[in-house]
Every structure is written in structure tokens, then in C-alpha cells.
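Below you'll find a set of structures to go through.
Two complexes come next, and they have one chain in common, chain A, joined by chain B in the first and chain C in the second.
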Partner chain A sequence: MSALRLLAGRDLRSGSESLAEHVGRLGPLPHPGSDLIETLVSSGLSGRGGADFPVGLKWRAAASGPRGSAVVVANGAEGEPHSRKDRLLMTCRPHLVLDGAFLAARAIRAKEVILYIGEHHQSSRVAMERALAERTGYERGQVRLFAAPARYVAGDSSAAVHAVASGVALPTTRKAASAMVQNVETLAHVALIARSGVPSGTLLATVAGAVAHPGVIEIESNRTLGEALSIAGGVTEPARAILLGGYFGSWLELQRALDLRLDPLELKAAGLSLGCGVIGVLPQSRCAVCETAGIMRYLAGESSAQCGPCYFGLRALADSCSRIAYEGANPLDIGRLQRWAKDVAGRGGCRHPDGAVRFLRSALETFAPEFAHHPAHSARRTA
Partner chain B sequence: MSREHHLVVDRIKCDGRGLCAEILPERIHLDEWGYPIVAAGPIPDHLMALAQRAVEDCPVLALALARAENGKRPRR
Partner chain C sequence: MVILGLLSTMRVEGAGWPRFLVTGLHRNLALMTLVFLTLHIVTAVVDPFTHLGWAAAVIPFSSYYRTLWLGLGVIAFELLVAIVVTSLVRGLLGQRTWRAIHWLTYAAWPIGVIHGVGTGTDVWSLWLIVLTVLCVSAVVITAAFRLFAGPFDPLSPARSAFRGSLDRDEAP
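For the complex of A and B:
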């Protein structure tokens, strides 16, 4: 059977796919038994929430846990500011997400499925509730909806488990309850693999910034970043750089970026990641330093303030960036940024500081000339 | 291999009191905000007693000695 696509079927602007349409398009949810986990391992599917973790390995480990006590958390928190793909998927193809979540529950013998949806993602929540109402009573009884607070760290997998277990959507270092957290797009891919036996070969990405048609695209992973930009209507003005992977991602020189293929393994080999799937285009007309300073300020503010190195370190890094942005370049702050970025990495309870530092380091590298010669100017040019 | 011990910090518990860095400056120094930076690698035998003392004296119980499995450094 040939590969299927996530967003095939009815026009995305015309709302949710009903159960009848869903089954008509893809056939009923199969009962693949224990083979599914091995199929997932060989499919090479990796998590689409940002961490790229191999799905089959995660499920295999979860399936070896204690029987029946586990929970599946379908992570649709989508706290990444420019990302829209999880919301769109839940709104337009809710049954794919449900299929994937039920397959996961069956595979790891979990009793409960929790749909962890961003509290402001109203249409996604409504669509998932409506889709659930079309499913069997047994399936409905398995599912609980949980609103994820609108915070960047709420989507962290330990925060998701913490939230559904104790109502606190903050990352934790305590040993998690036996819960398996999986991004909603990942679950939808599983629903396709369970039917066709092969991965769709596509992924969802959100193209943002200076393109003609910003928004969500479904694209084959063997295509390039340049092709992704073309699908989004192409760049609308000369571009300075691409931000690949959202605020935990990396800035790339435009010329280097265009020919990169989106395949997760290829990106990994190049030291990169598609992360949550955000592809941002920074035009030459915007100041790269001010843009970086604005994002660092945001990430510092989104620290859950539980760990010193993250809370104080990110704030200090953001301050240094802002000083360069407002008062102009100075070697002292450049030195601090380099030193503190090294100090902060790997020293949080979750990966928030690691992601922020990865983003900052790529900015210091890609925008080295701008950081070195930045004139003093106000933050008015920042988004 | 299994006898190698690493110092691990629970970053959420850690309050930056700094006792550990005073007890074991050979392996721990403080960052600019007073939080410990632990040197990578296993604790050598001659420092084990001090490492244990640093663990015991941490006022918020954020420091622990963990055994490395398969040569991998434990993280938490």
C-alpha cells in the first residue's frame, strides 16, 4: 500500500473531517497488535514535538512497564509562538490524532488517554470534543481533556505529565508517573503507519515571517527548505537568514539553508533539527540583533523560575543582548554571552535553558558581523 | 565501570547555598549567580569522602552521588 498523507481529504478551510469522511479516506482503525511497535521502530518515525526522539523505542520502553497503570498524553500544548501545525491538525483532522492516541494506549496497555491541548486553542479543543462524540462509548470513556496553560514550558513532556498528575504544568525532576507523552502530529503519523505499514514520508511545518503565504504546510521530508519556502509562496523580500526549529532552533545563513533537506536524520547529521517544525524567514530589512534580543527576552521570561542557572542565566543573557541592541556593540557583552551560554547549557531540570542557549549560539555565529558592529538604536525595529 | 560515581544536582531543589563548592572545590565551582557547576567525569577515589560529605551537608538535599551505568553519565 502506498504512503498516505496527513492533510489529504477535505479542504482545510472547511473545518473538521468527520468520522465518516475519515474512515472513507483511510479505512477503519486497524488492530495491528504487538507488531505495531516493531513497525514503528523500522519506520524510523521520530517525535514531531521538537525532541526528535525515535517513536518505536519510546513505545517499546513504555510497553515493558507495569500493565495497565500507564497513561498516554497526546501533547497538543503547542506553546511555540509561531507554530500552528498541531492546532491545525487537531482542528482539521481530529480523528487521526484520536486514532494514534488509541493505538498508543493499546500498544502500551494504558487505561487512559489525555488530550493535553493549549488553553487558548479553542477551535482545536472543540474539534477534538466533537470528534470524540463520534467515537464509541468505550473510546470516549478512555479519554480526558486537559487544558495546557499558555506558557512555553507547559509543552515540555515532564511538565505535561506533572500537569495531568497534579495540576502543575511545570517541568519536574521527580520520577514521572508511568505516562507516555507524544506530540499530536506524531500520533497522527502512527495512525497512518498502522494502516499502510510505511511512514507517510511527510511532515508538517509552519512557515512564518517574510513569505507570501505564512502558515502550515505538509511537505515530503526529502524536499529542501527552499522548496518549503516556495510552497509558502516564496520570500516576499530579500532574506537575511532562516530560523529553523522555532525558538529552540538555529539561525542559518540563507544560502546554506535553501539546499538543506528536511529529513530529520540528515538535519541531525548537520547538527540541526526541524524541532517543532517552525521555519522562520528573517528579511534583511529587520535587525537580526534586535530580533535575537527580543526572543531571548521572551525565553528568559518563559523560564519556570525553578532552577537558578535558567532563571538567572537566561535573564543575564537577555540583558546582555538588550544592551547590545539598545546601546550598541561592546566586546564585554559579547564575551559574557559566549561565557554564560557555555555555563548555562545542560544545567536546568528541563531543556529550556539548553534550547535557549542553542538559539543564542546560532545567532552569535550567524550574525557575528551584526553583533560585532551593532549601532545603538531603539527596540522599535523589533517585532 | 559500575563503581564509578558521579555527582548530580537536582536543579529544581538546588537553592545555590554554595556549601558543596566549599567542601569540594576540586570538583565544584559556582557560577556567577551562586549555583554549582560540577566538573564532568567520575569522582576519583581520594575525593569520595569529601563528595559524600558535600552530599550529606547540602541543606536542601539537592546533591546526590549516582552510579554511572554503562559508562554513561547520569542526568536528572
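For the complex of A and C:
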């Protein structure tokens, strides 16, 4: 069978796809049995929440647990500041997400499905509730909605598990075996694979910054970053760099970025990741150092304060960035940034400091000339 | 090492010396201490003059030679091993258990010092007396400052603020 697309069908601006439209477009939810996990393994589908973890392997591990012991968490927290794709998907194609979640529950014999939706994502929550009302009573009985706090770290899979289990969305490095967390877009892809047997070959991305039509696009993964920018209307002014993968991602020189293909495996081979799917275009008119300083300040403020390397380390790194941004370049702070980044990496109580350090390192590398020659700014110019 | 551990719980920092670096130095010194301590024990056991044997290095108070003083040394060493090992696997233990075990440092260090004073071969040489007095007074002074310094856990205000922000809007 041919590949299907996530966002085909009804115009995205005209609201949610109803159950009748959904079934009309894709057919009823199949019952693929235990073959589904092997199909997922061979499909090569990887998680779309940011970590790129192979979906089939995750499900196979979860299915080996005792019956009814696990829960499925559909992660729609979407705490990444520029990301919109999970919200759009839940709002416009809620039945795809539900299909995927029910397939997951069946495959790993989970008794409960939890929809973990960002507390401010009103229209997504309403759409999911409405879609749920169209499903069978048995399906409705399986599902519980849980509001994800509007904090950056609350979208981490370990934080989602802790939120659901104990009410506190605290990220950790410990893996909870009792819950399988899967991003909502990933679940929607599973719903398509269960029907066609092959991966859709597309992915959702949020294009932000200096493009004509910022927003969510669905694009084939064998196409390039340059093509993604074209779909978003193209750049509106000369671009300096591209931030691939949101605030835990990497800055890329424009020329290097344009020909990169979006395929997760190819990006991984290049030491990159599409992460949560945010593609940010930084124009030459914005100051890269001030932008970096602003984002580091934000990430330091989003620390859950569990450990010193994160709370004190990210604050020290943000202070150092701010000093360069406000008072101008100085070799002392550049040296500190490089040294301290090494001291913070890998020492946190969760993955938050590692993500922030990866972002900082790519900024120091990509914007090395700007950091070395940055003039003092009287006022901060950041997003 | 003990001093740095105490300092890391206080508000000691500067622009060029952020607080998390104190923790890093503390960890590295602790690991180094363990290496030198292992060296000390191995050389003491291997030394044909003492005939201590491996059992005496592991089982407290089992040595025929200076039973009490050596036993204290063994206890201090084993406490330190427990402290280091639990720190290495802190992620698996949880904060509370780790902290309880880490408090054993306050026992391990004085026991180690007593062991040194009790059975050291150069105890009455001037340099060792000066060194011991300096170390002990440094720890005592820092500990005294620690007792009167601010919050028990320097992260706790920030942690409460984070938790507070999570509870702002409860379930839909």
C-alpha cells in the first residue's frame, strides 16, 4: 500500500477532523496484533519528541512486561518555546493521536492511556476531548487527561512519568519502567503505519524566525532543510544561521544547513538531530551573541534546581554570556564558557543541563567571530 | 576535601569561581584521596616488616598489631569507600539515601585522624604536628561557620519555587 500523510484531508484552518472524516480518509483502526511491533521495528520509525529513540525497540521492551502493568503516556506537553507541531496535530488530527495511543496500549497490554497535554494548549485539549467523545465507551474508559505544567522540563519523558505517577513533573535520569512515553506525532505515525504497513516518510517541523510563513509543515524526510524553508515561504532577509532542533539543538552555518537532508538517520550520522522539529532562522540583522545569551538565560531559569551543576552551572554560563552581550567581548569569559561547559556536561540530575550545554557549544563554534569581537550593547536585543 | 564539601553547601562563589566548580573540585579530591588511601593500605600490607596480611586491612580490629588504632583506620577507609561508591551511583539511590550515607563523612574523617595520631610513625615530628593541627582547626572552623550559615540546602528555595510553578494550574 502507498504511504499516507499526517495532515492530508480537511483544511487545517477549519478545525478538527471528525471521526467520520478520519475513518473516511484512512479507514477504520486495524487490529494488527503482535505483528505491529515488528512492523514498527522494520519501519525504522524513531521518536519525534526530540530523542529520536527507535519506536519499535521501545515498544518491544515495554511489551515484555507483565500484562496490564504499564500505562501509555501520549506526550503533548510541547514546552519548547517555538514548537507548534504537537499542538497543531492534536487540534487538527486528534483521532490519529488517539489511534496511535490505543494501538500502543494494545501492543504493550497497557490498561491506561494518559494524554499529557500542555496546560496552556486549550484548543488541543478541547479537540482531544471532543474526539474522545466520538469514540466507544470502552476506549473512553481507558483514557485520562493530564495537564502538563508550562515549564520547559515538564515535557521530558521522565518528568511526564513523574507527573502522572506522583503529580510532580520533575525530570530525572532514572527510567521508570511502568510507563511508556511517546510523543503525539510519533503515535500519529504509528496509526498510519498500522494501516499501510510502511512509514509515511514525512515528518512535522515548525519553521520559525525570518521566513515568510512561519508555522508547521509536513515534509518528506528525504528532502533538505533548504526545501523546508521554501515550503515556509523562503527567508525574508539574509540569514546568518539556522537553529536545528530547538533550544536543545545546534546552530548551523546557513550554507552547510541548506543541503542537509531531514532524515533522522542521516542527521544523526552528521552529529545532528531534528530534535523536537523546530527549524529557527536567525537573520543577519539580529545579534547572534545576544540571542544566545537570551536563550541561555531562559534555559538557566527553567532548571528544576535538583542539582548544583544545573542550577548554579547554567546560571554561571548565562551570566558569562550576558557579560559578553552587555559589556562586550572579553577572552576571560570566552575561556570560562568553554571550560565550564565541559564541567557541567554529563553531571546533571537530569538531561536539562546537557541539552543547554550542547546548544551553547554549537553557538560558541558557529558564532566564534561574533563572540570574539562582540561590541558592548546598551540594551539587550533578543527574541 | 571535607572543607570543600562544607564550603559547597555555603554561599561561597565569585564571578570567576561559580559554585558548581567547588562541587567538581570536591569530587576530584575525594577520588584522589581514595587512590592515595588505597596506595597507603596496599603498601602497608605488602611491607614485609609489618606482616599485617589482607584480612587485617579489611576486617576491623582483627590485627594483632595495634589492634585498636589499625581497626579505626580500617573503619574510616570502609566508610569512605561506602561514601564514594554511593556517590558514584547517586542516580540509582535517590537524593535522601545518598545524603544520609554522605553524612558518614563526619564520622569517617575524625576516625581517620585518630587512626593517624594513634599509630602514625612520625606523630611527634614537628611537621606532622603542625599539619594535623592545621587540618583539624581548618575543618573545625569551617564546620562552625557552616553551622551558622544560611539554609541547610542551598538549592531548596529554588527547588520550592520550581515546584510552586508546577502547581500553579492543576489538572484540566
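Points worth noting:
Following the convention adopted for this analysis, the second predicted complex is superposed on the first by the 377 of 383 C-alpha atoms of A that agree within 3 Å, B and C clash if a C-alpha of one lies under 4 Å from a C-alpha of the other, contacts with A are read in each partner's own complex, and residues count from 1 in each chain.
Rule of thumb we're sticking to: a residue touches a chain if its C-beta (ideal position, glycine included) is under 8 Å from a C-beta of that chain, and two chains touch if they have at least 3 such contacts.
As the structure is a computational prediction, the values presented were derived from the model and not from experiment.
Overlap between chain B and chain C is detected when the two structures are superposed via chain A.
Greater residue coverage of chain A by touch, when chain B is weighed against chain C, goes to C. Applying the stated contact rule after C-alpha superposition, one finds that A:A316 touches each of chain B and chain C. Applying the stated contact rule after C-alpha superposition, one finds that A:F53 touches neither chain B nor chain C. In the superposition on chain A, A:Q306 makes contact with both chain B and chain C. In the overlay built on the shared chain, the residue A:Y326 is in contact with neither chain B nor chain C. Once the two complexes are overlaid on the shared chain, A:G349 sits against chain B and chain C alike. Of the two partner chains, neither chain B nor chain C is touched by A:Y298. The clash between chain C and chain B in the overlaid arrangement falls on one stretch of those listed (45-53, 63-71, 81-89 or 153-161), that is 81-89. Shared contact residues of chain A, touching chain B in one structure and chain C in the other: 172-173, 306-309, 312-313, 316, 340, 343, 347, 349.
On the side of chain A, the complex with chain B involves touching residues 171-173, 306-310, 312-313, 316, 340, 343, 347-349. Touching chain A in their complex are the following residues of chain B: 9-16, 31-35, 37, 76.
For chain A in complex with chain C, the residues that touch the partner chain are 117, 119, 125, 145-147, 149-151, 154, 168-169, 172-174, 303-309, 311-313, 315-316, 319, 332, 336, 340, 343-344, 347, 349. Looking at the complex, you find that chain C touches chain A at residues 8, 13, 15-16, 18-21, 23-24, 91-92, 95, 155, 158-159, 161-163, 165-172.
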